[in-house]
Amino acid sequence: MITSFDDLLPLLPLLIATATAVIAMVTVGIRRNYLLTAAIVIIGLILTSFVAAVMMPYTNQQITPLLIVDQYSLFFVVVCCIAATFVAILSFPYFFSLDDEREEYYLMLTVAVIGAIVMVSSNHFISALLGLETLSMSLYGMVAYPLHSKESAKYPLEASVKYLVLSGVATGFIVFGMSLIYAQTGSLAFSDLTSDAAQMNSLGENYTVVALLMIVAGMAFKLSLAPFHVWTPDVYEGSPLPATTFLATVGKAAMFVVLLRFVTISNALEFESVVTVFSLIAVASILAGNLLALLQDNIKRILAYSSIAHMGYLLIAIIAGQGTISNEAITYYLLAYVIMTLGAFAITSVVSSSEKEFDSIMDYTGLFWRNPWLSASFIAMLLSLAGIPLTVGFIGKFYIFMSGVESGLWGLLIALVIGSGIGLYYYLRIVYRMLLPVEEGLKYRIAGIESITAYGVISILVFLLLLFGIYPAPLMSLIESVSSVI
Amino acid sequence: MLDLIWLLPTFPLLGFLSLVLTSGNLPKKAVAVIGAGSIGMSFLVAAIIAAQFIASGDDYFVIEVWTWMSVGEFSPGFAFYLDGLSLVMMLIISGVGFLIHLYSTGFMLDDPSYSRFFSYMNLFVASMLMLVLADNLVLLYLGWEGVGLCSYLLIGFWYENPANGYAARKAFITTRVGDTSMAIGLFLLFTQLGTLNIQDMLHAAETQWPVGSGLAVAASLLLLGGAVGKSAQLPLQTWLPDAMAGPTPISALIHAATMVTAGVYLIARTHILFELAPNVQLLVAWIGLITLLMAGFTAMTQHDIKRILAYSTVSQIGYMFLGLGVGAYSASVFHLMTHAFFKALLFLGAGTVILSLHHEHDIFKMGGKRKQLPIAFASFLIGSLALAAFPFTSGYFSKDEILIGALEMDGPGIWLWAGGVLGAFFTGIYSFRLVFVVFFGESKAHHDEKEVAGFSMATPLIILMVLALFGGLISIPVDSVFNHGGEHEEHHISALMHGIMIVVPLLGIGVSYLFYMSKTFSIENLMSSSLAKSLHKFWFSGWGMDALYQFLFVNPFLFLARINKNDLIDSFYSGIVALTRTANGLVARAQTGQLRWYVMTVIGGVVLIVCLGVLL
Amino acid sequence: MASIPVEHGLILAALLFALGLIGVLTRRNIVFVLMSLEVMLNASGLAFIVAASRWGHAEGQVMFLMILTLAAAEVAVGLGLIIQMYRRFHTVDINVLSQMKG
Amino acid sequence: MILAVLISVLFVGGVLAWLSENLDPSFPKVVALTTMLISVAIMLTLLGESDSEWVASLNAQWIPRFGISFHLAADGLSTLLILLTGFLGVIAIGAAWDEINDRSGFFYFNLLWTLAGVVGVFTALDLFLFFFFWEVMLIPMYFMIAIWGHENKNYAAMKFFIFTQVTGMLMLISILMLAYFHYIQFGWLSFDYFDLLNVSTSGTVSMWMMLGFFAAFATKLPSMPFHSWLPDAHSQAPTAGSVILAGVLLKTGAYGLIRFAVPLFPEASMQFAPVAMTLAVLSILYCAKVAFAQTDIKRLIAYTSVSHMGFVMLGIYAWNEQALQGAVMTMLAHGLSAAALFMLAGGLQHRIHTRDMTHMGGFWAKVPRMSFAVLFFSIAALGMPGLGNFVGEFLALLGAFQASIPLTVAAAFGLIFASVYSLWVIQKVFHGEYRNSDFDDSHLSDLSRREMVYVASMMFGLVWMGMYPQSFLDMSEATIQGLLTATESITSMAQN
Amino acid sequence: MIILFYLAGAVALISTVAVILQSNIVHALIYLILSLLAVAVVFYTLGAPFAAVLEAIVYAGAIMVLFLFVIMMLNLGKFSVDQEKSWTSGRVMLVPAIMSAILLAQLINVLRNYEHSIDVVEVGVLEVSALLFGPYVLAVELASILLLAGLVSAYHLAKK
């Protein structure tokens, strides 16, 4: 129950985000102006992240049973909001010439961020569900956003329908699983499922395991872990690039935080069969993701498949949950994943627009000689995804390895090695394309006045990628302190 | 002056370097001066050193120029060791070497690669001197490999013809087999005795190993492997006849006078080791004997003037091995020296013949060249007499000593002696077969050619003729090397035996005369039977050894190389790649794009993990 | 008061859930698919109500309300998509939505 | 501090070379050469200091969370290899001087960055840092092959990268395990070499950890059965790339074995030594045989490299003074001879646009100086005494003989095979009759003056190594003695 | 009450089966409404009258009417009934049925042990409201955001 100003204060980021949504909505209602809406949203999101960052050291408070505002959630509020800001900035040139009403997109984006903020702060079924669905609901809209446009290149409708139906099924599983757990524990908050109180119903372990796994299955779907990954490439490909970016970064990160909190609080790893299933899922995701990407020619699909594999890597750290650094590993890797995925998509989206997306690797032939800067950024992102030193992706992978070693997950580490080995192939394929001699003139514009900010975003991301890859110590100590609260 | 012994290999080395660095830009006259002059300087120094050494009366003299490498206990140096044996060797090498260089200045005059020729020759002499002067086995190995390399380079000197290249490679690789054996022997010696300094090593072996001990046998066998490779003895003798592909002075210098005797030198140098392994030493004798007989047979069947000489070289080195095997070391070294004289003479004579007759090698296309090629005739006559051990020529003394050594040996000595005498009979036949066929009888072709023999070519021939005739009178100062301890034994050989040894070569010459000069007997008759034909063919091919090795080693190697050109292991990795691709195909088939199938996989996945969760 | 075994209520929910699944899996008409999804969500809601009454809580009913909200929103968006799909393809067959694959 | 400066000079020089291309296309090579010469000058300052102890040590905190520090230092062995790197760096720039005209800025950038990574590898004393440099040198090398390579460059570059990267990850796992053991035994995390040396490991675990390191190093070395990336990489790489690859990059594997794999896990290494030595012997013989069958000249040389590096591994796992010194000498000598051969083969390819030996023959008449150079380095490669390779291989075999007689005897057969393939190259390319029906010989010219300088300097190096190897042996002696002393108790235990 | 629970449950099941088997979409919708109403009765028997009322009004009422509107808009006639029949054959049903059956079997398997009877206590609108406007007030607000998201998305997607 919110009784005082003290209870409200920790909600400030959420409130600012909501206010942003409201202001944006009202502004659209009064007068449609693309630039204005975008500006409002971007400023609102920056403000949100700024406030969250300022609050981070001081705040650790449960607000009503629904939300926990601690350093960890605030850290991810910052991550999600900054990522969303970047997406918003990238969206601006992308949708600039869309022959449709463009302002609602920003509205959806803001609402989706609210969903993400709720998710990262939730330790309760209701808030988790509401946050998740708020995010998904906006994403349905964002994925299908350009469907009225005549020149819309891809298949936003198909992507959106697929996402909606499959996501609905997954939500069904999550909700049903929650109801089973609620029937067992009588509590809607995340709670320890191994405690005596939880087990007193003489339901046996299997009941708990089934309930847990149904929830996990639903979450795994949202994280596109194998065998629930089939939707990923189609949705990534069909969506407009900024929406894909958002889905791949904020959507995944927020969901993973929920999974982490859920697994940690419920002590799910105490059940051996759950650990086994997690391990199988991890191995399957790593192999399936990397194998699927192997001969793929579409960059969005490659990144989709690679995200499957990356989620598999992250799951290793979840499984290593008993260790001391697995939470840090997850946090660092998630951050790394957000940075590099955002970067990779940012570059594809800079050359694309809502009329024409350049997402085949053939389109990037010889980019290195045309625009070395852009292409070098892309190579950096890809190498980071592949986990090569000097990049944040390497430190992330280092963390995962460390947590795996600490918990002795040799089988999973071998899968990780094999997966990364396969992964190199398709990342390098793209790199190699860019290094080939220039063919006919470029099909796309690589610089426009409206893209200046997008280039700014890319530079910031490259900077972060290298900074966190070469001098990760400050970030590590921050993450060490925020992860300790979980 | 003894301190300057390092100058010996240095002069030729400088000659080599200056010729290489100028890379063929010098005029031929300058090349000749540098090429032959450097060896001449060496010889001069060698002669002075020899005189001083003998005058000093010391047993040996050592000087280390610098430490080559020092790793733990292993510290071979660039150190030279001079005693009677190396003294003889260095004199032969620099002396005969100088004569052959001098001859070459004329012989090679028309060759466009004049400078290259002399650079290799100089390098050879430098290496060979290094070999014989080395005070440790590693340095000896340096020279050993160096002469092998020069041999390779010079056999393949006329590189346009692939056959020459083949012969060169064959020579190098065959000897390398022996070298490898020797290298392993070095490892063994160092591991067991802790040093590779020859004298220390021998001393240590003497004190540590009892006679007949396994280690001594192993070590001496491994060294023997090196020696038979270099000296073209069984079973590694096949390369030498092919090595005749090089220019004739090469054959004279490397494949007759010096390099091929390196094996003899090695065994003589390390004879203490061999004495510790009497069985191996006996094996040396038998190898020598069998080789000399086999080569003798083969020499009688050849047509190529140089190949006949090559087989005779193999055969003569067989004598030296025989001598080493029976303990007549100084006899062997003595034969080594005389052989150097008369075989160099024969080869250089053959060179004159070949050059005069426009590179004609087949003796049956010559005939009656006595008048046309007088100097060559004289060389051949004297050389062949010495070769056939005609009484009181140089070859007679040395061969006699070896045979006497064999006779003095207990046990199988008499058999070895008998074999050696039989070999001498063959020697008589094939050496004079050559003389009779080439210089007597009717002239069959090449009627008009004049003998090519300028001053530079004639002088060495004449000097060598003298040496071949009277070289047997030289006494070599090797007693201190071989007779450690015991007094020199007097020969107690019956007159009958002496008689046999004198008569048998003459008989050989006589037989040869009957067949090839007076035609009393006809070769054609002899060859009419099929057995004789196949025997002839068998001997002609060098007892089928080439074919055997081709079958045993070369073909399997080529076969293996051919079938595995693309690296089997690489296919393993290609297999992994193919597997990955197949896996990709399999998983990609799940991405149908059909929504209902997607739902199916999702629900199937839930069913799967729920079942797994319950069952596990 | 009468007493109903909890498992019966939950099994009823599970049955309805399974039926919903079958519906999603088998129907090609997208409207049916959406209806089946509603069945599934409704089944989950039922499960919450059953669990709530097992504990005598009101919280389960709050959750039910949230599911209701969620279902409503999903239907709204879903139907919006169906309209667009029909406009474009003049069919409600979901198999037309399979242009992306591989 | 010197080392940090050295590495930074290379990094910065690389960037400058790239940027300078915008000013004038001919600038990059000048900038690169200048950078390289400055680096060599810096390297030479190490010489004065290095006798036995670690010099130029720099130890700064980097990632305190994991006890990772930026720890660089050089001892005799490192200094030797750094000098080799510097020397071959200059040579490589020379090799590229005429060959690379296209986008040369980026080329020299990659070249210098690879060298920076290599220097880092040779000097890093923190295992994380080591791994970091280990990977850093891959990427520019990948670019070099992928951009300036020949017809099959994509495949070759990819193969190179994947092989080294995958095994590198295995090594990373081992490093982490070791660090974790340190944590368990001492209570704090550390990746420092000297800290990790104190970790006592035993049994199966230590064997697995050792194998992780071994996999990475054996791939880089390369040894059977991890060698198959090398022929492709070499044959496709541009000349300078081959020079660096053969001359320096392979040596990092051997260096890793000497510095890390064995000292960190002496017990496991001793147990594993027979296997490793067998692999080494197999490499020597098998690859020599495969080399003989090749018709692509660069591929052939590549296989010979594998064969020669087998001697290095043999020497390392024999683990006694002669063997180790032999391994080090072989590394140095092979660095020069293989680099030279690749440079000459590259030059040949540049002139006649083919590497297929079946099209060649009789070049001696056309290009005598080049032929002589190839002859010289082939002879060196086959282990001619008086040249560096002999000293290395002889010492390695001599040492190995004390460890295992049968394997050494088998390895010695490699000497025969070496002569078989070396002479085969000479025969195919330079001897025989000249015929130019198969290629365009209009550019077939003899070595230029500049090339002569490079070739001569390498010849001089080999002769120096062959005639007076003591100057090199002395430098590495202290290191080797130190390693032997450190592992003495364990090795002697294993032998009893 | 108990009988009513089972009766309503049976009705809900049967009508749901009808929904998934029906070819005529309007009929299916009406079965669905019937099913929802039956579930509403179940809610009531379990002592949740507020939920029952909402189920009837919002679910069976509002949402289903939304469906009906759309079906009318799409104007799916006789043709679609035949099409539906051809789409739903026994073969298509088989695998899904088996999979669902396995899942169901698992659920029943684990639920079997749940030996607890509900003592039905009525938890009415008061208690629920107290929660909604007490500790769960944020949930209400968030639900509004969720609806906002749905609203905006649906608005954008469904417009002409």
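Think of it as A, B, C, D and E in the order they're written, each chain with its own count starting at 1.
Definition applied: contacts are C-beta pairs under 8 Å (C-beta built on N, C-alpha and C of every residue); 3 or more make two chains touch, one makes a residue touch a chain.
Please read all numbers here as calculations on a predicted model, not as lab measurements.
Enquirer: I need the common contact partners of chain B and chain C, sorted by label.
Expert: Intersection of chain B and chain C contact lists gives A, E.
Enquirer: Among the chains, which has its CA centre at the largest distance from chain C's?
Expert: Max centre-to-centre separation from chain C belongs to B.
Enquirer: Farthest from chain D in C-alpha centre terms, which chain would that be?
Expert: Between chain D and every other chain, the largest centroid distance is to E.
Enquirer: Please identify the chain lying most centrally, where each chain is represented by the average of its Cα atoms.
Expert: Looking at where each chain's C-alpha mean falls, the closest to the middle is D.
Enquirer: With centres defined as the mean C-alpha position, give me the chain B-chain D separation in Å.
Expert: Spacing between the chain centres: roughly 37 Å.
Enquirer: Find the geometric centre of each of chain A and chain C from their Cα atoms only, then give the gap between the two centres in Å, rounded to an integer.
Expert: 26
Enquirer: Averaging only over C-alpha atoms, locate the centres of chain C and chain E and give their separation in whole Å.
Expert: 6
Enquirer: For chain C and chain D, let me know how many angstrom lie between their CA-based centres, rounded off.
Expert: One centre to the other, that is 64 Å.
Enquirer: At which residue positions does chain B touch at least two other chains?
Expert: In chain B, residues 588, 591, 593, 595, 599-600, 603-604, 606, 610, 614 touch at least two other chains, as defined above.
Enquirer: For chain E, jot down the residues that touch at least 2 other chains.
Expert: If we look for residues of chain E contacting two or more partner chains, we find 95-96, 99-100, 103, 106-107, 109-111, 114-116, 136, 139, 143, 146, 149-150, 153-157.
Enquirer: On the basis of the stated criterion, which chains touch which? Give every pair.
Expert: A-B, A-C, A-D, A-E, B-C, B-D, B-E, C-E
Enquirer: Please output the residues of chain B touching chain C within their complex, sorted ascending.
Expert: Residues 588, 591-596, 599-600, 603.
Enquirer: Which part of chain D faces chain A closely enough to touch in the complex?
Expert: 61-66, 103, 106, 128, 131-132, 135-136, 138-139, 142-143, 146-147, 154, 157-158, 161-162, 165-166, 169-170, 172-173, 176-177, 180
Enquirer: What part of chain E is in contact with chain A in the complex they form?
Expert: 106-107, 109-111, 113-116, 134-139, 142-143, 145-146, 148-150, 152-157, 159
Enquirer: Under the definition above, what is the set of chain C residues touching chain A in their complex?
Expert: By the definition above, chain C touches chain A via 6, 10, 13-14, 17, 20-21, 24, 30, 33-34, 37, 40-41, 43-45, 47-48, 50-52, 54-55, 57, 59-60, 62-63, 66-67, 70, 73-74, 77-78, 81, 84-85, 88, 94, 97-102.
Enquirer: Okay, in this complex, where on chain C does chain B touch?
Expert: Touch residues, chain C against chain B: 21, 24-26, 28, 94-95, 97-102.
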